[in-house]
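Naming follows writing order (A, B, C and D), and every chain is counted from residue 1.
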Amino acid sequence: MSITGRDDGSPGPDRISYAMVGGGQGAFIGAVHRLAARLDDEFALVAGALSSEPERAVASARALGIAPDRSYASWQELIERESARPDKVEAIAIVTPNHVHYAPAKAALEAGFHVICDKPMTTTLEEARSLAETVKRTGRLFILTHNYTAYPMIRHARAMVAAGELGRLRVVQVEYAQGWLATPLEGTGHKQADWRTDPKRSGAGGSVGDIGTHAFNLASFVSGLNATSLCADLSIFVEGRRLDDNANVLLRFEGGATGMLWASQVAIGNENRLVLRLYGEKGGLSWSQEQPNDLHWSPLGEATRLITRGTAHANAAAARLTRIPSGHPEGYLEGFANLYGEAARAIRAARTGSAPDAEVLYPTVEDGVRGVAFIEAAVASSAKGGVWVPL
Amino acid sequence: MSITGRDDGSPGPDRISYAMVGGGQGAFIGAVHRLAARLDDEFALVAGALSSEPERAVASARALGIAPDRSYASWQELIERESARPDKVEAIAIVTPNHVHYAPAKAALEAGFHVICDKPMTTTLEEARSLAETVKRTGRLFILTHNYTAYPMIRHARAMVAAGELGRLRVVQVEYAQGWLATPLEGTGHKQADWRTDPKRSGAGGSVGDIGTHAFNLASFVSGLNATSLCADLSIFVEGRRLDDNANVLLRFEGGATGMLWASQVAIGNENRLVLRLYGEKGGLSWSQEQPNDLHWSPLGEATRLITRGTAHANAAAARLTRIPSGHPEGYLEGFANLYGEAARAIRAARTGSAPDAEVLYPTVEDGVRGVAFIEAAVASSAKGGVWVPL
Amino acid sequence: MSITGRDDGSPGPDRISYAMVGGGQGAFIGAVHRLAARLDDEFALVAGALSSEPERAVASARALGIAPDRSYASWQELIERESARPDKVEAIAIVTPNHVHYAPAKAALEAGFHVICDKPMTTTLEEARSLAETVKRTGRLFILTHNYTAYPMIRHARAMVAAGELGRLRVVQVEYAQGWLATPLEGTGHKQADWRTDPKRSGAGGSVGDIGTHAFNLASFVSGLNATSLCADLSIFVEGRRLDDNANVLLRFEGGATGMLWASQVAIGNENRLVLRLYGEKGGLSWSQEQPNDLHWSPLGEATRLITRGTAHANAAAARLTRIPSGHPEGYLEGFANLYGEAARAIRAARTGSAPDAEVLYPTVEDGVRGVAFIEAAVASSAKGGVWVPL
Amino acid sequence: MSITGRDDGSPGPDRISYAMVGGGQGAFIGAVHRLAARLDDEFALVAGALSSEPERAVASARALGIAPDRSYASWQELIERESARPDKVEAIAIVTPNHVHYAPAKAALEAGFHVICDKPMTTTLEEARSLAETVKRTGRLFILTHNYTAYPMIRHARAMVAAGELGRLRVVQVEYAQGWLATPLEGTGHKQADWRTDPKRSGAGGSVGDIGTHAFNLASFVSGLNATSLCADLSIFVEGRRLDDNANVLLRFEGGATGMLWASQVAIGNENRLVLRLYGEKGGLSWSQEQPNDLHWSPLGEATRLITRGTAHANAAAARLTRIPSGHPEGYLEGFANLYGEAARAIRAARTGSAPDAEVLYPTVEDGVRGVAFIEAAVASSAKGGVWVPL
């Protein structure tokens, strides 16, 4: 096999200590964050407010090897008591349902911690803007885990666009299709379905917030373009559901490109079908999250190329996030871990008061603001019958 | 191999005689019609007004074995003189650019001929409605060549939906993506590019008319649902072009389903990517024209099935349009020939004054009206900035 | 769409008249030959000995529009009486089970007819060699319908190899997998299963003859290499079957390349999975009959290209056998029709005593000899426990 | 998304301590082992003899956070000094080139350590048998890292076969194709190419040993069948190379199944294409390492199913090795980590003197013996011109 991958880059004893808010036993995304943080051995989880239920919090902390005195009953306590420790954590990962992102993130930033926060960033645009202000003022790092941005072939695509290889972009097609909410699962005690369909915990967006924001973010990340307006048609197909489970959206981008975004959680047969296609004057690109090691590149007038991760044809932007040889698939966890890797590099740079290298990229608080603006605009557009709303 | 196909069903000497308007040397779709008509040996091409250029008309007729006295200088002459013959043709195929569909079709119907007509049916909704009235009044057959409706696996999908296997439909996603007009090909003497981007010959729609109508028709054909309104964002990306080369459209259907339609001729890397996906309460279906022998069926809660043409798993609606065993791919011409086969069955039934069997299906003049209405609505919607327009 | 295809090339009244031996109602491959012959309108079927059962022969002829006086009771009668006609056919297509290839082919050649013959050519190598001698002596054309050789992208691949684009070949991998004989279908009145598993009618090879010869021929056709020896392990998996239903074969080619050939009719889930992969010093090629419009080309050190039929990237060898634009799939019948097209060009050239253009290619009687030698060698090798046998 | 995955199962402070032999900076497979061991946080790397070059050993240990006093200069020293520690490691992972597997593995076992060893197990069958005897005698655990056995969908397939869902097996097709050694890379200072093509370090097999053993092992693991004999044709295509770079092999299995195995390192365009296909009386299975989350299941007479990891259709054997939801791809590292997970479960059971649960599976020393026997037989068969050799 072709040994093009980096070594595992183990940092030895010099790990970045972090705490986690949320992510106790039975949670999903918290476990993913921990796996991602662990893969490259850059982080050490040493504290947590893992659950609002005290018993679950204690049991989860024990299972994770967190010392009992650093397992806290609430995020407030975590921030207060960690702040007082000489060996306080450097960063706090917030992996709670959406309605519990804003307050702990803001408090953590104010207390001087770097923040790694799940998406969507907040449940209102007002909160999102407030958080952006806080980040600016405190100078702390804020990494929003739009994890798909850290797949190597997404980086490859982004670098191609940035280098002008596609020419001026014309069309952006993005979709994120799932089928798991095709039935009223939220009535069955399914914890994930419960909170993701609950406006109190998720905010105003259902599918458009949960997965539409990923699609929206990815389109901008790779295209380098911000959307300027949208027209959305949101639906609730499952009876009794309180938030949209399908979102059909038209987009217009700065510079004249147009696009479509489809997010659905009732598209039976789809698992996590996040597909991005970009078309410019000089070529087209296509990528699918379910086969993330492949990127299809169609230069104008030539045969389509299958560019694969870990090969000589993958560019430097892809290569720096590649661990193992081509043909040995890297997946979702590796992509998520890449984002933690970017966070690690940024945090290490911040220790010395410097900015990370230019190639270090992660979704920022500004991307978070744009994501929440997208949700609010989509909901507003649809509520008015599907009119164009500026972003 | 599994011999599940029908024999070649050769009808012997009892062929249906037909004439062709357009389709002279250098044309594209006329040749396709002839290949399609010929495959099952149901038709005999015996007359034609193949070109408005006399020399080309004569040469084309000679090459096709059309007797010189049945090669006419114009469609008017064709209709007039064939009408006077005792052995006059039974049907007239109209394969001219869009602006020369209406007049010959109307005249042919009035003169008592059955008509097989390329799409979109006319360049204005007024003409389309007039033609529908003519068909109704004359009782002649009118077959609109939305050929994709005659692929076996499309028939399979349609029968599944009709039988309720998907439950109530929720989401309809359809796209038809091409890349061949990504550059100003119409400035280079490319005959197809010329007329397809010329409002005088194509009508008000560019990509939305040329391929968007195919997508629109197919979505309705399989779903059994008519769209009730749309919101369209059409673009002209190639400088100097006079008609849209990309169309992003939101759709709403009767019964509450919603959908998206994307038609593009600037999506580099796409050839004839017509993809239809349908999602209902009980399952999802996915089909792509570029691999037409496959249908992906995802029943709720079960593994996705790959249903293939020519197998025991293909239903009766697919089997009746299947020639050869599974794994031996049938393609575009076979699909097109299937539509000619449907026409043949309808014409044979009409000879005896009866209707064809219920399973004989083809796009009708009413579908043609809906297709032109779609184009007009999309153009109007986009012209107003992208508003919802009823259909 | 990109109009890169040729027109339908209708030859007008100047068709090549031919007769068919076998192919009566209920037969499979005869119907395929007729569809293939008809597609490009180069041939006219005017005579036949369609079945050894008189009633079936008459009914079949009538259905096909063959005049009653040219529907013959036997191939002997066909040859005798056609020979005597001033308007006798130019060619005879032999589409009977294998054991009825040799005698009518030989007689037809001796009587001055060109022969188009299904595969494998004969049931013994002795007959095969005799037929080769007859062809040489009579100077008549003999076209063996290894139809897969006429797929456009197979021609593309062959031309690449011939031009040295792969460098010296190293490895040839070919397989033809079916699953339709996974159960004892021959006991159920299934006509195709009956004769294909019957040594009296098929010869000594089961799967190795029926489909293995296709794979063997295709490997040689594209690689330009003859196999020099083989080692075969044939199996009969279905109880009571009399001929092999699975063949595992190692191959050695002139020039040092090695290869493997797998033919199976018990590989459930496979329909007509004929896959060819070639690897040389400078690149690799991969093609599958079930998606025949695609060719995967992997140049050394570069990304794999998807070369598709009907595009500017398809080479001249592919383009000359292309009818319709890329993205509109051509399939099995078009490929088969291409071989009839080659036959037509050769026959037209022969009318004037000349050879066809150099790019006209079809499997010859020599290929037929090699195919039968392959079967005999494989059977012999396996019978001896799997030893190497020269070819 | 569907939360079907297990949590990350963090074991807290109770990790299994292990040492590594080989795997210093610049090595490939050592880094993979560490990533795999780390993912589920079941192991702690606390000691190592990471390189035979002292400087590299020290630097590597430092980078990995191994205490200086547990970074040893040789595997001999490692075993000796760890044996003397009260906090000695529980297991030793051996990730050196093949020729340095036997001696340290044997010594480690004799000293009472469990061993995790890379493949192929040894460079001679004699050593392999000796190691098997040692394992038996010492009662220590020996886990051979045929990592592909721990992909969830491989486990799914194995359980299906074991449950009789395919009926009696007939045909086993397995291939492992790479292209990275298509040129004389070993002459260019490429460390991996150097040792893998060097008989002194790799043993008698080139591609047949490096990747052919993986294919051989996987076929047996899933089919539950041992091969009883083989016939091999090995080639060296790259001039000057000393070990085979392509292996074509026929296989016969107990119970009457037959098969083919292809291993190649000169198949340009292939990265790590390990594909397994099994055909039984009742159905067929197909799996590819490059898309490991998918398993294609073709039951006799029914449509092929796409069974995906993380769904309700995946069986218990797959589910227990699944971390994250379907549609979020798991890859090579997760599969490798699964094997480390099995090792962890076995080691934890061994702590209490018990056997692990029945579903815990890993390749054993006996599999290692069979793998080395396979290499020796293939080399011997080929050396004799390709004769059948018993296994």
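The rule is simple: a residue touches a chain if its C-beta (ideal position, glycine included) is under 8 Å from a C-beta of that chain, and two chains touch if they have at least 3 such contacts.
Just so we're clear, the structure is a prediction, and the values are computed from it rather than from any experiment.
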{"item": "Chain labels contacting chain A and also chain C", "value": "B, D"}
{"item": "Remotest chain, chain A as reference, centres from CA atoms", "value": "C"}
{"item": "A-B against B-C, pair bridged by the larger set of C-beta contacts", "value": "B-C"}
{"item": "Approximate Å spacing (C-alpha centroids) for the pair chain B, chain C", "value": "34"}
{"item": "Euclidean distance of C-alpha centroids - chain B vs chain D, Å", "value": "54"}
{"item": "Between chain A and chain B, centroid-to-centroid distance (C-alpha), Å", "value": "43"}
{"item": "Two or more partner chains touched - positions in chain A", "value": "270, 297, 304, 308, 311"}
{"item": "Complex interface listing, chain A residues touching chain C", "value": "297, 301-308, 311-313"}
{"item": "Complex contacts: residues of chain A adjacent to chain B", "value": "170-171, 173, 179, 182-183, 231, 233, 235, 237, 246, 248, 250, 252, 256, 258-260, 262, 264, 266-270, 277, 279-284, 286, 296-300, 304, 385-388"}
{"item": "List of chain A residues in touch with chain D within their complex", "value": "1-3, 5, 7-8, 10-13, 25-28, 31-32, 34-35, 38-39, 41, 62-65, 178, 180, 190-192, 270-273, 289-293, 308, 310-311, 323-334"}
